[in-house]
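Have a look at the structure that comes next, please.
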Amino acid sequence: MEKEQYQQLEQSVTPKPPYFKNAAKAFFVGGIICTIGQAVSLFYIIFFDFTEATAGNPTVSTMVFFAMILTGFGLYKRIGQFGGAGSAVPVTGFGNAVISAAIEHKSEGLVLGVGGNLFKLAGSVVLFGVVSAFFVALIKYILVTLGVVSW
Amino acid sequence: MVMTFVFAFIVGGIICVIGQLLMDVGNLTPAHTLSTLVVVGAILDGMGLYEPLIHFAGAGATVPITSFGNSLTHGALAEAEKHGLVGVLTGMFEVTSSGISAAIVFGFIGALIFKPKGNVD
Amino acid sequence: MVIVFQSKPSFLAGGVVAGPLEKRSVFSQYFDTIYDDERWKMETNEQGHRKMIQEACEILMKKSGVNNLEIDFFLGGDLVNQMTPTNFAARELAISFIGLFSACATSVSSVIVASLLTELGASNLSIAGASSQHNAIERQFRYPVNYGAQKPQTAQWTVTAAGFALIGKHREECPCIEAATIGKVIDYGMDDPFHMGAAMAPAAFQTIQSHLEQRNQQFYNYDLILTGDLGQLGLKLLKGMLVENGVKKEELTLLRDAGAEFYGQDEAFQSGASGAGCSAAVFFSYIIQQLRAGSYKRVLLVATGALLSPLSYQQGETIPCTAHAIEITMK
Amino acid sequence: MMLPIVVCMALLSGCTEKEKFIVYGPPQNEEEVEAVLKEEKFVERTTVIQYDDKMLVAVQFKPWDKWKKAKLEKKLQKKFDEKYPNKDVFVSADYKIFYEANKIKKDQLEDNKLTDKISELKKLAQEET
C-alpha cells in the first residue's frame, strides 16, 4: 500500500474530535470556573478593601491556589480530560501547567528540577504575553505620536 | 449583581469555546492555544477593548488567560503614556501579572507538599 | 529479514509484574504480581521502574528455580532516556547485560537476540524482556502526569508493567521459537504523537507480510497473530491494509492486538494500552500460559515500536516505526 | 454640629418603585438629585450620601451598559459637577463603593467617622490595578 493511499485510509478510520460536544463541555466548565472566580471576586470586594478594579489580582491568585490543591490531589487532570479548553484557558489551567511541572520535577531537586522546569509548559504563555505587551505598547506609542489615535 | 454572574459564566464560557476550537479544529497544542489567546488579550487591550469586557463580565474576563495579555499590556501602556518611548522600555520591567507570581509561589509550595500521581478515572 | 532457528530455543518461564491500575486489565489474572504502589515504595518513578524490573526478574528466577549466577545473559530495555531503569536493574541483578532499544518492540527484539545467543551455543539461560512505567514515560514523552491536557480518542495509555521471559535450549514441554523476523524501519509520514497506532500499523503490516511470505505460510496457518500495542484504531488500520492486500475478512479474526484488549472497553484509556510493558506483559504471561495449556499450537507475536523522541517530534519529524515478529509453536 | 443629610435612592431598572426611596435626614435637594439620575437611562440603582458641601454618588449601571462603565462614569461626574459647582461631588460606579455607601446608610454613621470613611472610599476607588 502506498503512502498516499494509507493516509487516505488513516483519515477515514480516525474519528474526528466531537467538535460540538467538546465545545459544549468547554463552555460549561470554563463558565463554571469563571463564575467561581466572580464569587471569589465578590468575596474580596465585600470583606476586604478591594474595588471591582482591584479585585482582579487577589481573585486570580486565589484561583491559582485552588488549581494547586486540585493539581496536587490529581483532580485537575480529570477536570481537564472532561473540560478540555474549559479548564485549560482560565488561569487555573495556567496554574495547573506550572504546578504540575513543579511537582513532577521535584525528584530532580528544588533548584535544577523545580526551578529549571517550572515554566516548561507555561513559559510560552509568559514569553508571548510580555513580548506582545511590549509590541502593542510600542505600536500604540508610534500611532499616538503620529496622531492616529489617542491614549 | 446576579446578572454579573450570568455574564461571567457566558463570557468566560465563550472564551473557552474559542480555545477549544483552536485545539480541535485548528489542531493546536494547549501551549499554542494559550499563547495565541494571550497575544489576542494583549492586542485587544491595545485597542482599548479589553477593559470594557472586564466591566461587563467581571471574572468572565479576568479569569481566562487572555487577561494576562491585558494586564501586561496595561502596565506597559500606562508607562508609555507617562514617559513616552523610554516608558515603553522601562514599562516592561514594571509590568506584572498576579497570575504569574501566584503560579510561581504556589508551584513551589505544591512541589514541596505533593507527589505526582498517575491514576486514571 | 527472517531467521529460522534450527535448535528451536524454548520459553522456559515468564515473569510479569504490573502496577495498581493494571488490575483493571483483562489480562491481570495471568500476571504474577500486581503491586499496589505505582512507585514500588521508592522515592521516584524511575526508581520504582527499576524496582519493578528487578522484581519481575526475581520472580522469573524463583519460578524456574535458578539464581542469577546461572543466567548467562540479561537482555532488555525500556523507554526512559538512555534506559536507566533497565541499566540500573542490571547492576542489581549482576548478569551480563546488553540494553536493547526498539521502543515498544523491545519485548520481541530482546527475545530474538536471546534466541540467537542460544542457537549459537553461547547462552544456556537468558532473560529477555521489556518494561514501562506510566508516570516515568508520560513525563518524558508528553506532559507531567498531573497536567490537565485533554487526550484525544486516538491516544493510548502507557501501561505500568514489566514482562520478562527465560529463554533456554529446546525443551519438549515448553513453547519454542521457530522463526523470527527483524523488521525494517517504516515511516508513512504520520506525525501525531497522540495517534501512535496509525504510525505503527504500516510497520506491523510489512513485518507480517514479509514473515508470511518468506516462511511460505498463510494467515490461517496460525492460531493467532497478536500485535503489541497498536490500540483499537491501529488494529483497525492494520486490518484495512491486510484486506486491501488480499487477506480474507474471516481470517482477520485470527488477528488480535494486546494494546486494544489490554484495558477492555474502558473509555478512560481511549484507544487502548501502549508502552514496552504492554506487549511484554501479555506475551510473557497470557500467551506463554495459553501455549503451555495447549490452547494455541502456533502463534505469531508482532511487537511494534514507535521510534520517536520528544525532541524529534518537536522538530517536526514524522514518526518512524518498526515491528519485530517471533513465531512460537507448541507440540 | 451639622447633621449629615443622607439621601438614599434605589431606582430599580425600568420600574421606579416609590417605596424604594428611603430618605434620611431633612430632605434638601434629594428630589432634584433623583431627577438628575433618573434622566439617565443607563442608571439602575443609586445611593447618594450628602453631607456638608460634599456628595457621594454611588451608582450601579444596567448590565448591558456596563461595557461603557468608564465613559458613563465620567459623563455622570461631569453632569454633577456642572449642576452643583459649589459642591464636591464624587461619582463612582464601582460595586465596592455602592456596597459601602449602603452600609453607611444602614449604620447611620456619625459625622466625623463619615468624613473619614468617605475619603477612604475615594482613595480606594482611585486605586489602579
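Letters A, B, C and D name the chains as they come in the text, with residue numbers starting at 1 for each one.
Criterion: contacts are C-beta pairs under 8 Å (C-beta built on N, C-alpha and C of every residue); 3 or more make two chains touch, one makes a residue touch a chain.
Just so you know, these numbers come straight off a predicted model, no measurement behind them.
Asker: Average the C-alpha coordinates of each chain, average all protein C-alpha coordinates together, and give the chain whose average is closest to the overall one.
Answerer: A
Asker: Could you give the separation in Å between the centres of subunit A and subunit C, each centre being the mean of its C-alpha atoms?
Answerer: 37
Asker: Determine the centre-to-centre distance between subunit B and subunit C, using the mean Cα coordinates as centres, and give it in whole Å.
Answerer: One centre to the other, that is 44 Å.
Asker: Whole-Å distance, subunit A centre to subunit D centre, using C-alpha means?
Answerer: So the centroids are 38 Å from each other.
Asker: Measuring from the mean C-alpha position of subunit B to the mean C-alpha position of subunit D, what distance in angstrom results?
Answerer: Those two chain centres are 33 Å apart.
Asker: Specify, in ascending order, the residues of subunit C that touch 2 or more different other chains.
Answerer: Those would be 45, 139, 144-146, 149-150.
Asker: Do you know which subunit D residues sit against two or more other chains?
Answerer: 95, 128-129, in rising order.
Asker: Quick one: which residues in subunit A touch 2 or more of the other chains?
Answerer: In subunit A, residues 17, 22, 42, 52, 56-57, 71-72, 74, 78, 83-85, 88, 93, 97, 99-101, 103-105, 121 touch at least two other chains, as defined above.
Asker: Considering only which chains touch which, how would you classify the arrangement: line, ring, star, complete or other?
Answerer: Contact pattern: none of line, ring, star or complete.
Asker: What pairs of chains are touching here?
Answerer: Those chain pairs satisfying the definition are A-B, A-C, A-D, B-C, B-D.
Asker: Subunit C touches which residues of subunit B in the complex?
Answerer: 23, 30, 116-121
Asker: What does subunit C use to touch subunit A in their complex?
Answerer: 43-46, 139, 143-154, 188-190, 195, 198, 202, 205, 233, 236-237, 240-241, 244-245
Asker: Per the contact definition, I'd like the list of subunit D residues that touch subunit B in the complex.
Answerer: Listed in rising order, the residues are 63, 66-70, 95, 128-129.
Asker: If you look only at subunit A, which of its residues touch subunit D in the complex?
Answerer: 42, 45-46, 49-57
Asker: Write out the stretch or stretches of subunit D touching subunit A in their complex.
Answerer: Per the touch definition, subunit D meets subunit A at residues 94-97, 99, 124-125, 127-129.
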